[in-house]
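Listed below are the structures to be examined.
In the two complexes below, chain A is the common chain; its partner is chain B in one and chain C in the other.
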Partner chain A sequence: MGLKVLITDDTAFMRMTLRNVLEKNGFEIIAEAEDGLQAVEMYSNLKPDLVTMDITMPNMDGIEAIKRIMKDDPEAKIVVVSAMGQKTLVIDALNSGAKDFIVKPFQPDRIVEALQKVGSS
Partner chain B sequence: MEEYRDLFLAEAHEYLQSMSQLLLEMEKKPDNEQLTEMFRAAHSLKGMAGTMGYDLIMELTHDMESLLDKLRTGEAALGRDFVNLLFEAVDLVQILIDNLENQDHFYEEVQVLKTKLRGWEMAPAEKVPCQNTLPEELPSRENISTWNDVINEFEKETLKDALSKGEKIYQINVLLKQGSLLKSVRAYMVLKNMEKHGEVVKTIPSLQLLEEEDFDREIFLLLVGNPDLEVLRDDILGIAEIENVDILLLDGETQLNIDGALGGNSASELQAAAALESGLLMEKEESAVALMEVEREKPDEDLSGFVKNSRNAPLSSRSVEKTIRVETAKLDSLVNLVGELIINRTRVVELGKKVEDELLDGSLEQLERVTTDLQNAVMTLRMVPIRQVFDRFPRMVRDLCMEKDKDMELVISGEETELDRTLVNQVGDPLVHLLRNAVDHGLEEADERKRMGKEAQGKIFLEAHHEGSHVVVSVEDDGRGIDPEAIKTRALEKKMITKEEKEKMGPEEAIRLIFHSGFSTSKEVTDISGRGVGMDVVKTSIEALNGTVEVKSEPGKGSKFVLRLPLTLAIIRALMVESAKETYAIPIEAIRENLFVEPEDIKTIQQRKVITLRDEVLPLYCLKESLGMGEFEEQEVYPVVVVEAGDKKAGLIVDELLGQQEIVIKSLSRFINDIKGIAGATVLGDGRVTLILDVASLLEDGRV
Partner chain C sequence: MGDEKIKFNENKLDVLRELANIGVGNAVTALSQMLNEEKIGMDVPIVDLVLLQDVPEMLGGAEQPVAGVYIESHGDLSLTFLFVLPLDSAARLITILVPDSIGDFDEMGLSALIEVGNILTGSYLNALSALTNLRLMASPPEIAVDMSGAIITTVVAEANIADDKVVLLKTSLNAFESHIEGHVIILPGSDALSKIFALLGIR
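Take a look at the complex of A and B:
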């Protein structure tokens, strides 16, 4: 089985898109989180190999979620999937421990590449 | 072809300007860099002219190029004659460019000059060791630059330090994938991942441009340290959307000129050069770590260092603003339309006041704000740096000095100061006048300077800056100054003042006499005072622009002329007056004061009305009569506007003073634009057309 991925995004559409793209490329989607809070919880329960993280979400945003997950597991591999024009937020996320980022709307091969690169490091 | 020609003209002009500038610099302090750039300018000009089929220009620039080449081989040295000859060539090229349609008329001149350029031989005296060798490789557009040209002293030190510690210098070329988004963050990741491998000393594009995402897909970095190259490579390739990484070891001595020698063309250097070609810059200070943490605003000069597309920029190493060329006619029409809009807005606002509706008031206020902003924005479009005028002065002063055999330096500052395009065109001549005077008469001969304990080399300071809604331009010299006594004596001789007046006159007032029209023209004046040639012309032309001229001078120390000009000519403040039931606008700059005159104070001298105002006899003109709109009528009291233009001053009797306001100047159509006494027209808030008085022509004889 491929690497286990936790998808975090507040829109169902984006979660579905990510799931389709990643499953086609051999990743295993083990869970979908709708906000940061769920993501933190699911991470500690499921210990996925990779996490995709949206930034702007209700309840808890992606940055805070990254910080908490990294605290929980310093080895966590998180890839930010951000909307356009969130430069400072993306940098915050990277400084908080995210390994890489990709910008929505993404080209399928780019998210796959990013996850593969991070997953193999 | 027409379009190409415009582009050619614009660029050719820039090249010629920069060649003149370079020649001046080279003459002062010879430098390889300037020679290289000069060479490139000639070369580019040749290429452009060739493409356009301007053969004469091509031949001429070709020979200039060959002559410059002789500097390299040592067959020529940079002497005065050499520079003069090149100037001559620059001038002739300019003439050819100005006369593209009938270049053939200058065939003879071109041939003569070509012979001179080709037959150039050094005067024996100039056969001194030549320091101005060109670099081994002739510069071409394809190989403009190397790291060496973009790293500054500080960075060079860092590199030197690193080398001495046994570290190595690497050039790392990173290529992003096509269509990458948030490239600035990508670049940030690249830099961050490199941190543990060494220190990034320099990036091309600069950190600022990286941060602004002002780059394509390539990033070149200069890294010092002793990294494990495989790990470094993997660390960069491990980032998403990185297409390729090349790591090259650089040799500090030959490739980075760290010990003074500029090396040959290694592959990496060529790559760096190619990088420079593909869209770069000259950058300074900035440390590599600071990329994203720092969100501060950078000074403008840093921004201007960026050349979006160096192939279109005549000289990539000079700073080029991010600009587009717009036909001036379009700009003028925009200004005109905004003027119309302002007038209409005023009308609507006035109507709105009558309606007294709260909602309407609110939106009218909003409209007023927006239109005012729009007006200001459009006005700045017409602003150009005064550099456009200043640029030709170093050359002019140099030539003058040669002619007069004087030694002096022109120090220019504030050339960035912006003012209205129309003003820029008109302020040139008065400045030429002032500078000429400074060289001609202001500055003493060398031995006199020595006697006065001054430096042998004279100095002229040309300066410009903003002051409120005005631009102030000053011309100052450290010459002999103006002697008020000599001026007074001269004025007495000319019967401009009486003996009595001469006794009473203070030094400042005396110096101002040089602006009187009767004062100048004579040659002797210059011998006595060192000043006074055509100063009245300067004053009149500056006043025609609604500006003022002041002079300060200290005998033996020098003189300073200060021109004060409005920022724009399109909109002025004016006093509105009524005469014979018509409203007229008088530009506020021309007005000295307003008076109410009693009939018994009006005297008649030689059948002309005058009043005595603070011991001064002031002629009075009835505006109605002057404009031929009516007869002088007896009144209980007369409102009088005291106006001044040039050295003339008079009172204008009007029917009523209505108050001040801003007016948009509209020029009269060309069939009626030459009417004496009228400078233009404006439209008032209520839609009425009002004429703007031209005070200077009114005062010529009190009649139009």
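Take a look at the complex of A and C:
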């Protein structure tokens, strides 16, 4: 049975792209969140194995969402997938509890490997 | 508005051109990865003090229908980004990115354009941040399909640009194999330029 993933991104196109890549590689997408607020709620209701998290989103950004999810579940496995790859931001995300940081545009291999690695840790 | 007082000499414009080159170069790399295309041409960036009313001409005319993705950066610098594509290029971009699309400007098509704008801007900001050590965050993008004149008017209003003369950075991108052309326009916000020049030690 594939690992259950919650996808978080404000762009429908990116959610679709991630879904296609991950489903092809054996992951099960259990939900899609459009912003950090939805991600926090869905995490709490669905308890996915893995979360992909964008940073730039309306209502609640990814860093804030990571902090809230980690507060409720310190074991949460969150991988950031964002166009913003600046050093300070990457450090913020990792310090907040993200396990990896992937900069868009990404190669499918990169994200599959990252989720497999984090998922099995 | 601190930037009115900046005296723009060739030296300063050259610095901005170089920054624009580096930033957009990074963005072009990202775009070529998204399109799976090796050769994306980039014109030498135009950096100039222009009258806002002249900007639509630079995009093919005020009545030219275009798709425009608009993003504001905040954090240490405020910059306005506009990624503009003529409609036929926008449609071609959508067919490349969205499986089974015929180039419609439907929800998924527009979303794909938004994401391209997002990634181009992110690449630019990442490069600028690496050079200057500034923290540069972007807003969620907005998109409009309209005449270029209308889009410029809206962007100017939303970005609160009060001057009629602005420093404009414009680069044209050309994906030769896919026949897609687009323009990246960057309007520095108030004080952005003085901050950059101060950081780089340029008088």
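Basically, the second predicted complex is superposed on the first by the 119 of 121 C-alpha atoms of A that agree within 3 Å, B and C clash if a C-alpha of one lies under 4 Å from a C-alpha of the other, contacts with A are read in each partner's own complex, and residues count from 1 in each chain.
Throughout what follows, contacts are C-beta pairs under 8 Å (C-beta built on N, C-alpha and C of every residue); 3 or more make two chains touch, one makes a residue touch a chain.
Source: prediction; values computed, not measured.
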item	value
Touching partner for A:F101 - first (chain B), second (chain C), both, neither	first
Contacts of A:A12 with chain B and chain C, given as first, second, both or neither	second
Partner chain(s) touched by A:T52 [first = chain B, second = chain C, both, neither]	neither
Contacts of A:E113 with chain B and chain C, given as first, second, both or neither	first
Which of chain B and chain C A:M84 touches, first, second, both or neither	both
Touched partner set for A:Q38, first chain B, second chain C, both or neither	neither
Partner chain in contact with A:S121 - chain B first, chain C second, else both or neither	first
Overlap of the chain B and chain C footprints on chain A, listed as residue numbers	82, 84, 86-88, 103, 107
In the complex, chain A residues that touch chain C	10-14, 16, 20, 56-58, 82-89, 103-105, 107
Residues of chain B defined as touching chain A within the complex	177, 179, 181-182, 184-185, 188-189, 192, 237-241, 292, 295
Of all residues in chain A, those that touch chain B in their complex	79, 82, 84, 86-88, 90-91, 94, 100-103, 107, 110, 113-114, 117-118, 121
Interfacial residue positions of chain C with respect to chain A in the complex	30, 33-34, 97-99, 107-108, 111-112, 114-115, 118-119, 121-123, 125-126, 129-130, 135-140
